[in-house]
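Below is one structure, written out as structure tokens; the observations come after it.
Chain IDs A, B and C follow the sequence of writing; residue 1 opens each chain.
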Amino acid sequence: MTLTLGEICRRAGGDLDGDPDLPIHGVAKIEEAREGELTFIANPKYLKYLSQTRASAVIVPKNAPPAPPHSLIRCDNPYFVFMKALVLFNPPEELYGRGIHPAAVVGKDAELGKDVSVGPHAVIGEKCSIGDGTVLAAGVFVGKGASIGRQCTLHPHVSVREKVIIGDRVIIHNGAVIGSDGFGFVPENGVYHKIPQVGTVVIEDDVEIGANVTIDRATLGETRIRKGAKLDNLIQVAHNCTVGEHTVIAAQTGMAGSTTIGNNVRIAGQVGFAGHMSVGDRAVVGAQAGVVKDVQPGEMVSGYPARPHREELRREAASARMPEMLQEIRLLKKKLSELEERMRKNGC
Amino acid sequence: MTLTLGEICRRAGGDLDGDPDLPIHGVAKIEEAREGELTFIANPKYLKYLSQTRASAVIVPKNAPPAPPHSLIRCDNPYFVFMKALVLFNPPEELYGRGIHPAAVVGKDAELGKDVSVGPHAVIGEKCSIGDGTVLAAGVFVGKGASIGRQCTLHPHVSVREKVIIGDRVIIHNGAVIGSDGFGFVPENGVYHKIPQVGTVVIEDDVEIGANVTIDRATLGETRIRKGAKLDNLIQVAHNCTVGEHTVIAAQTGMAGSTTIGNNVRIAGQVGFAGHMSVGDRAVVGAQAGVVKDVQPGEMVSGYPARPHREELRREAASARMPEMLQEIRLLKKKLSELEERMRKNGC
Amino acid sequence: MTLTLGEICRRAGGDLDGDPDLPIHGVAKIEEAREGELTFIANPKYLKYLSQTRASAVIVPKNAPPAPPHSLIRCDNPYFVFMKALVLFNPPEELYGRGIHPAAVVGKDAELGKDVSVGPHAVIGEKCSIGDGTVLAAGVFVGKGASIGRQCTLHPHVSVREKVIIGDRVIIHNGAVIGSDGFGFVPENGVYHKIPQVGTVVIEDDVEIGANVTIDRATLGETRIRKGAKLDNLIQVAHNCTVGEHTVIAAQTGMAGSTTIGNNVRIAGQVGFAGHMSVGDRAVVGAQAGVVKDVQPGEMVSGYPARPHREELRREAASARMPEMLQEIRLLKKKLSELEERMRKNGC
């Protein structure tokens, strides 16, 4: 596929500083780009590498200096424009067949919108509702009475349990489970009795959920993933949790029951949340943190138990000096004894 | 649905102190309950909130004082009675169809009990045995020669591998894998050779297993989950592990090979067990702990590496003071030098 | 099944010191072996237990002393020879049916080699290529244009996404997902936009992948698991990662994007890698470590953040003495004050 730089610029955004007729054959990372390709530099401090790239054109921050012989596209958010160029060269493909595959099973009273695709061996329960243009790939399971919005893609082997509600343009990767029972039991004489989990899960618009994620239904009420949140693979969301709008969570993080995460929060991988606590908007949580109490809006926490990131770094630095501290304490004790001895000898 | 308080009390347990004819429309948590609903207070210290709830009736500990205008149900374990009331208002629904779906595949010489349900695209291997009343939902796979007891529910996409043995009333959530090969290899000249995993997995009665859990079969012998144990989502149980009776394990915990967990143990989320070690009955393990050696019966451990919880708290407190300790050591050194200097000057 | 010790020795390797006609009925671990069985001792320091085992024959290191009445097989790697004997007594069984099951769906232009088995409800996409002798069990999904080599086994419910490339003799356990989208988004005005993940995943020969593992496809280029690597259950491999040859990784470990792991590395369970970093050949990483910077070849690291294992042990030991250090600092301060006071009194 070949596009002129002018056309890329018009469709992906940015201001062209260079040859609009330059033919571009593809996009690539700066260290891998070859002649005839387009790349990008998002961070001004890497502009110095411009002279080394073999790319013919580069997307750069607005105020970047000219860099002949490279043609430039200047813009506010080079990564964003690059992403759009990437889409131009990789238009979304049809991964899964169209229409209702004859080997799919659709329950009675299920309502399917226009242009819904249902793959082989997918199962749609009774009284489900599936919005226009949604794709349910091979082997997807949708439980009784669940509702899925428009333009969603559920990749193979996704399970959506009974009564779960999913918005529009939601993407769910293979093997994710939405709406399994919350982990709730009452002990009575050393035996655990199951508390029926009669609540549900609500996934709002534009959410993306990774492979083999598990999101449990609420005991009563709902577990909710708000608009635009992005969850990586193998994440656990327990009953009655809420994940805020445009919050991103990296892989293998887990939330215990009734954790409430605010909007625009960024959470790294393998983090644990203790449950019954809340994380404020725009907070940042470091990898492998163990969060046991509320995090304030905008706060950055890390460590176990999680504390303000700066304090964690201070502790970490102090901890590196512990063996040395032991040494110094020993030395101080010795010197002090010597002083005492000397004073005693000198009778003062 | 409406039930009288008298009927609820008779069916769920407890002593009625109030109007037996009071119509109750549902159950809810204390902060969400509305008029006409039933709620509960398990902890006596929250009895003070009784005056604020809009619920018409409340399940309370036996010795709670009267609280007009609320009708009360007094009992030893309010949470347990509440759970039973919750079941009354939410009788178990039939999630999956009855009978053997025509799109299921049942292998030859498989023995199916009475009232077994097999969903679409489920596969039952040769020589399997499935007990009375068990439900195998859509897409469930049961390997050759596996045996599943009575009244079990295997939710969609569960995999039970060859020869695995499962007891009665076991619940397994979507995507869980029971009986995958243990992780065993022999290195020989820098190359790893697979050790055939010829053992199996035994799941006893009344166990519940969460979504996307993985339980590996034993190398030789068996991996065993004992009666009444409850496993949350995304847990890893390696080959030759044993989980004791009525033990509860929260999400994302992992056990390396040959870990033995006792009875009535409580394990929080994201815990790791190093393998070839044992945890005594009634022990408690804190979240994200890394357990590398035996835990005594009744002991409470936390931290990495896991140690008695009190010691962990002491260390944690001392660790908070490390930057200050560094400061004090510096100060002590300075003062000591000054003293020495003074003594030298004064000739003593 | 009964084999003579002589035959076992001939087929599994090692030098026989004992009765070649001894009938052997099975193999077992030393503490569980009964008369008529074969066991092994890999570590010379356990040779003292030889006198206690009921096994009739034992595989031992080359220079082990005679141990009548036991017959011995002497060799360089007793565990390896034991593994081969284990295979003799447990020849690989056919777990899944032969041929293409009528309830499988094979897309057009898919190329299937000789003796390929495709289970019920498996789906093979258009233009896939499946090598000779490969087994795709029930419910396996292979996306459009994917390629799988010879003699592979994909257990039930495995998902292989579009265009993924898999080598020969690869084993993938139930529910694993190969080729889900990498977790890549560009923020623009507080909203995250999906970066199309147009790269792929390459799995080389002789790799084994555990149950419910997730391996994401690359944004551009490839995520690669090299020859002979072994991945345990529930592992997360993010986009653009590389796992080296003959590297073993225990369960629940996660790698953030663009992590590069060398050859013959050993990684314990629940480890996290921060991404955009590399681990040298033959390195060893302890359980639950949080690796945030490069690890040198042959280095052993542990802890959070991961540091050389010896340093971690030193810190750990010093940390145990922190409460005591606090005490000593307090004492030093007191003594110093007393000295000062005394000096002041004595006018020096």
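Everything below uses one rule, namely that a contact is a pair of C-beta atoms (placed from the backbone, for glycine too) under 8 Å apart; a residue touches a chain by one contact, two chains touch by 3 or more.
Note that the structure is a prediction, hence the values are computed from the model and not measured.
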* What's the rotation, in steps of 5°, that superposes chain B's Cα atoms on chain C? -> 120
* **Copies chain A and chain C touch via same or different residues, half shared test** => different
* Structure fact -> In whole angstrom, the CA-centroid distance of chain A from chain C equals 26
* To do: Return the residues of chain A touching two or more other chains; collapse runs of consecutive numbers into ranges.
  => 103, 121, 139, 157, 175, 212, 234, 252, 270, 288, 304, 319, 322, 325, 329, 332, 336, 339, 343, 348
* Asked: In the complex of these two chains, what residues of chain B are touching chain C?
  -> 103, 105, 121, 123, 139, 141, 143-144, 157, 159, 161-162, 175, 177, 180-181, 183, 185-186, 188, 190-196, 198, 212, 214, 216, 220-221, 234, 236, 238, 252, 254, 256, 270, 272, 274, 288, 290, 292, 304-305, 314-315, 318-319, 321-322, 325, 328-329, 332, 335-336, 339, 342-343, 346, 348
* Name, in rising order, each residue of chain B that touches chain A in their complex. => 27-29, 32, 77, 79-80, 83, 86-87, 90, 92-93, 95, 101, 103, 119-121, 137-139, 155-157, 171, 173-175, 208, 210-212, 228, 230, 232-234, 246, 248, 250-252, 264, 269-270, 287-288, 304, 316, 319-320, 322-323, 325-326, 329, 332-333, 336, 339-340, 343, 348
